[in-house]
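The two complexes that follow have subunit A in common; it is paired with subunit B in the first and with subunit C in the second.
Let's look at the complex of A and B:
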């Protein structure tokens, strides 16, 4: 190994770091350490002049290792790696010490925060000497895309990609495209027709030369990695079709919550207690009638059915409040004399035009009643013979503080939107994780909302969480754009910091096989050694820490590098144990 | 092969010493059986307390570097162990840490899970068979009418040999296999090219698990850990897959997989392969991935079935490990 010549740069981050950390003292202290050629501070290391400073010093002082002590590497590691690469150093000979999120932002004692910054930088100095140059790698991208789910999100994504001239395989498990939206009558907040909106999309998808639609089909045996996937389409025919494609979009949607679990609402017991989806179908058919074919004189709509509840689902389904308001507008238009009761827990009207829609809807002679769903749910009871309605709803009205009884001939339950049970099969096939509510997890909740931790796999629409049509469509188009970008590139960079097996040391115990979340590790019977598929590997390090023989190590996170970092951080403050 | 009488090469000078040891390592030298005769044909044993009556002052009188090879077994537990280690270092050309105790701390090294005070309290006050109302503790110096008596001072910590003196080679094992000793000795005696200083010799590069003949698969999914006597071993499936903790994958080969061949799991006496600095940590990490549980409570329940995890995973290696000792 060449003698390390380390340059250390301490960022002020304006005052973010400098106000709590004495950056000059840090530079002075670490500047004394062996192999540290220079230690400088600068106001904003990530700025162009900050990066220029590094590039100039690498050339002028023949630096071969660089450390920047600044913010989280999640924010600027790539920035600085790119900068050192410009100066001719392998980007992996760079190390970042986080003295903002892990130090200045979370401490209030300047002396101790400065001491901690010194420790963190020393840890980086110890580590960086064991860094090794790593080569970038890329794989070719198959231009075809597999889309699972033919709802609005899947169809929009399919059209976006197909219109760009690229092949799409659209897999739909039911016998028709369109998903839930095809069953809607009107949409909120403009009360425009869902059918008029979706019909042309359906036609374009069905007739598009670049889209192969597979209805009543499921996808099986997905193998491969970004750019190079393979799968089998199963649809009952004896010879299942094998497809190859470079990217996957999961647009598997969600399903309505089954309200029969909630005893108070008597769904299944009272024929005129219906779900919002069932009511939607009545509206679509233009027939809002009780089970006995009578026009209802009293309709109650109960919100948050299965939502925002510790017992069922804690999350908000996001769209039901507005759908309920859409219903009251439609009911009022069709049944001008009907009494309409909106039994809500909180009215959530965010979104473009939604608060205005709420305000307008309050002029439709609706009785709004609030309940506390954390305390007591409304109770639906059968009405007495001499009551002039089918059912009575007993309710602790929150705003008035009174217990009231509401007459109802029909009750609409605004049911929660929940993940499909069979989503686990899809998840297993495409290697995406689920959140606690069984929705797919995106790569980054803010900055990367349609990608997943598996390269080449994207999630769009309500399989990622409840959302309305505009949000679903935005995600679909975003994923399509991401995919078209990788197809346009022709190849895609894959993870460099992967695990590798020292075959000479592998004893074949196979502890590593099952621990891999990406199915990247396999056992080679012939070689009697485990192998890592470096394209599938994400460098998570799980196999490396599981390997009892030390035969697997993760590049850039070797035992030696991690131990050096620990030795560094323990070398100052904790000398005396 | 050792030189015969026609070889003018002078005989090697060989010393064998024990620090904190059980005597097994010295017996392993005797276990070379008739080959011991070859050894003494090639080497003069100049110091070997278990077999020969030579005093420390005789060793002190030897010129520096006059002993060719010293096999030092046992850990460094007290001031006598340390003194003789330093003495033999100065008198010896090639100092070998012989056996797991000298190499890694070994069984005596488990004392680093407690400290001197804890040991003295237990032994001289609390033990069921101790009658010591005056709570007398060992004194390094005692005046009697004939004069001052001295015994070595017991250290708070147990050390490996190379934590006290510079060591040339390490031969692992509890005890080392006699065949391996003969191989190493023969290499030195015949003047073969020796490996770089600091090497582990008399052992393989790869692990015991690699040599093991049992059937291995990825089916390492454990709901309950068993001690060997708690299961009906099928004699052919990997111990780990039967829920019995075996140190084989984190342990250097060289013993000939003797324990597993005797249907007993590997305990790790040969120490880690070069790629695994801390076999206890490596093995715990590996075992952690095998636990088949859905909830933290279930994980705890399964881990509770591991009897004495510290003593199990660090049975031979505590003083040489990253932990070193328990902080008390």
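Let's look at the complex of A and C:
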């Protein structure tokens, strides 16, 4: 191995670092260490001149290792890896020391923060000596895409990909496409027809030459990795079809909350207590009637059914408030003399045009009543004969402080959006994690909201969390764009910092197979040793740390590298202790 | 105990004024800016809530709207333009109609036809009395002047006939008003099943009624003190004139021209100036609509102002023509004066805007009673 020639760069990060860390002192201290050719400071290393400085030094000083002490590698590791690559060094010969999040931002003593910065940079210097160049790897991408779920998100994504000339397999477990949106009457906030909106999409999907629709079907046995998946479609026929595809979109949608769990609301007991989906169907049919075929004179709408409650679901379903307002507009149009009571916990008018929709709807002669669902839920009771209504709702009205009785002939429960139970099977198949509320977890909540930690698997629509139609469609199109980009490239770069097994040391205990969260390790019976599928491996290191015989190491995180880092960090601090 | 919502109350309330209480989303800005605010005093927000929810009984037992003099701070600061000040004004009209047991108040407030019709009928009766009935009883216009050179008013409107009518009117009006105040007391204090107020408290707090009637300190809580002054001048002028006419008519309506320093003339002049000044402020304000309290004018607001202005100006004319010895002009302006005054007193005092003169001080009194109420 050639002698390491290390260049160290200490970033001021404006004043973010320089204010708490004496960057010049750090540079002077680490500059003395062996193999360190130069140690410089600069205002913003991530800026173009900062990167240019590194590139020039690599060329001028024949550097073969580079360290930047700045922010978290999460933010700029890729920036600097790209920069050193430009100068002809393998990007894995670069190391970053985090002296901002782990140092300047969290400390208040400048002397100690400076000492810590020195320790962190020395650790990086020790580590980078043992870095090895790693080659980039890529796999080919099968241009077909599997979409699970034929609701609005799945259909829109399917059309987007199919229109680009690529094959789509659309799997729908029921006997019709359209999902929940097909059951809606009007949409908020413009009160336009859901049916008119979804019908042409349905027709285009059904008739598209590039889309194969599988209704009443489920997907089983998904295997493979980004670009090269395989699965079996089961739809009752004796000979299940095997599909191969390069990417997966999960668009499994939502399930309405079952309100019979909430005793106070008497759903199932009172025939005229209906869910929002049932009411939607009444509106679709154009008939809002009580069970006895009478026109209701008092309609109460209860919000947050199953939402924002420790007992049921803590999250907000996001769309129900506006759907409830849509209902009151529709009721007011159809039954001008009906008393409408909106029993809400908080009115959430999130989204474009929604606050305006709320403000407008408040002028429809609606009686808005607030309750505190943390304290007490409204109680639906049967009315007496002389009450002149079917039911009475007892409510601690929050804004007046009065306990009131609301006459009701019909009660609409705005039920929460729940994650689908079937999702668990899909999860198992495609290897995506679930959050506490059983929704799929995205790769990054802000910067990567449609991808997952599994390459080639995307999540769109309400399976990722409660959302409205525009957001679902936006996600669907975003996922489609991401997939089309990989298809267009034909191949996709995969992780290179993967685990590898030293076959000679492997004892065959298979602990690694049990602990791997990505199903990337398998057992080779012939060789009597574990094997890592480098495409599936994310380099998390779980197998390496679990391996009792030390047979597995992860590239770029070898024992030697980590121990060197520890040696480095310990080499200075002893004097304080 | 839960109270039943009565959504239909809205349909009734809506007839009493301009306002969109659906706009209110209960941020509480109005309550925090209201000069009447004290701890636990959720005015005017809570009243708007009662209106929104149609809680009839709670609304009818509300005393707070009468403590509000409409400074308009709440309407100015309302982020939703719900106009709490005007809603309270509407609520006062609604309450006036609820205290009134005859049902006429509601008719007058909600139907211009009823109100104008009644005014015209009473005006016509007055005119007929002077042009037909009195002449047939031998009382005629006379061009002959008194020894002092004044007009012989009693020749055409003899005090011995006018006064009994006057007292009769006073009796009717007072009975109606007192019965309404009793109903107000019943709704606010008596009906409350949870608390009771001792007789001693009733006696001890009675001074509030007199004091607040005479000084109107609640009004002076509003930031702009000019309105308190102009309203006080108007109120005091009106009250003096009202007492002079209704109780001391023989002393007030004389043929003798008293010297300028005579109490009859001094009180008369003071009342006239107070009335005209207060009315001037109200008229200019309601035309300009600059100040929030004058932005919305209900028919009843204008009618009251117009009738009072007409009464005052015709009264002034009667006085001028009488002492300058112009008989015909005096008689005509006297008839005009009476044909406005009589309907004004009969309609406005027990049934309409005027009644606030009684309800406001009683509201202060009742508020004090509520304060010292004890649980039953």
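Going forward, the second predicted complex is superposed on the first by the 573 of 577 C-alpha atoms of A that agree within 3 Å, B and C clash if a C-alpha of one lies under 4 Å from a C-alpha of the other, contacts with A are read in each partner's own complex, and residues count from 1 in each chain.
Rule of thumb we're sticking to: contacts are C-beta pairs under 8 Å (C-beta built on N, C-alpha and C of every residue); 3 or more make two chains touch, one makes a residue touch a chain.
Small disclaimer: the values here were computed from a predicted structure and weren't measured.
Should the superposition on subunit A be reported as showing a clash between subunit B and subunit C, or a fit?
fit
With the two structures laid over each other on chain A, which partner does A:464 touch: subunit B (first), subunit C (second), both, or neither?
After superposing on A, A:464 lies clear of both subunit B and subunit C.
Determine, under the contact definition given at the top, whether A:339 touches first (subunit B), second (subunit C), both, or neither.
second
Name the contact category of A:523: first (subunit B only), second (subunit C only), both, or neither.
first
Treating the CA centre of subunit A as the corner point, state the angle out to subunit B and subunit C, nearest 10°.
130
Thinking of the overlay built on chain A, is A:247 touched by subunit B (first), by subunit C (second), by both, or by neither?
A:247: touches no partner chain.
Is A:400 touching the first partner subunit B, the second partner subunit C, both, or neither of them?
second
I'd like to know which partner A:452 touches here: subunit B for first, subunit C for second, both or neither.
The answer is neither, since A:452 touches no partner chain.
Touch check for A:550: first (subunit B), second (subunit C), both, or neither?
first
According to the stated criteria, A:276 is in contact with first (subunit B), second (subunit C), both, or neither; which is it?
neither
Can you work out, in whole Å, how close the C-alpha atoms of subunit B and subunit C get once everything is superposed?
44
Both subunit B and subunit C contact which residues of subunit A?
The overlap between the subunit B and subunit C interfaces on subunit A is empty, containing no residue.
So in the complex, which bits of subunit A are touching subunit C?
For this pair, the touching residues of subunit A are 298, 339, 341, 347, 362-363, 365-370, 394, 397, 399-407.
Over in the complex, which subunit B residues touch subunit A? Could you list them?
Those residues of subunit B that touch subunit A are 205-210, 212, 216-218, 220-221, 238, 240, 248-250, 272-277, 279, 282-283, 285-286, 288-290, 322, 327.
Provide the residue numbers of subunit A that touch subunit B in the complex, in ascending order.
Touch list, subunit A to subunit B: 502, 504-511, 513-515, 523, 542, 545-551, 559, 563, 577.
For a test of understanding, state which residues of subunit C touch subunit A in their complex under the given definition.
Result: residues 1-5, 7, 10, 20, 22-23, 25-26, 46, 49-50, 52-55, 58 of subunit C touch subunit A.
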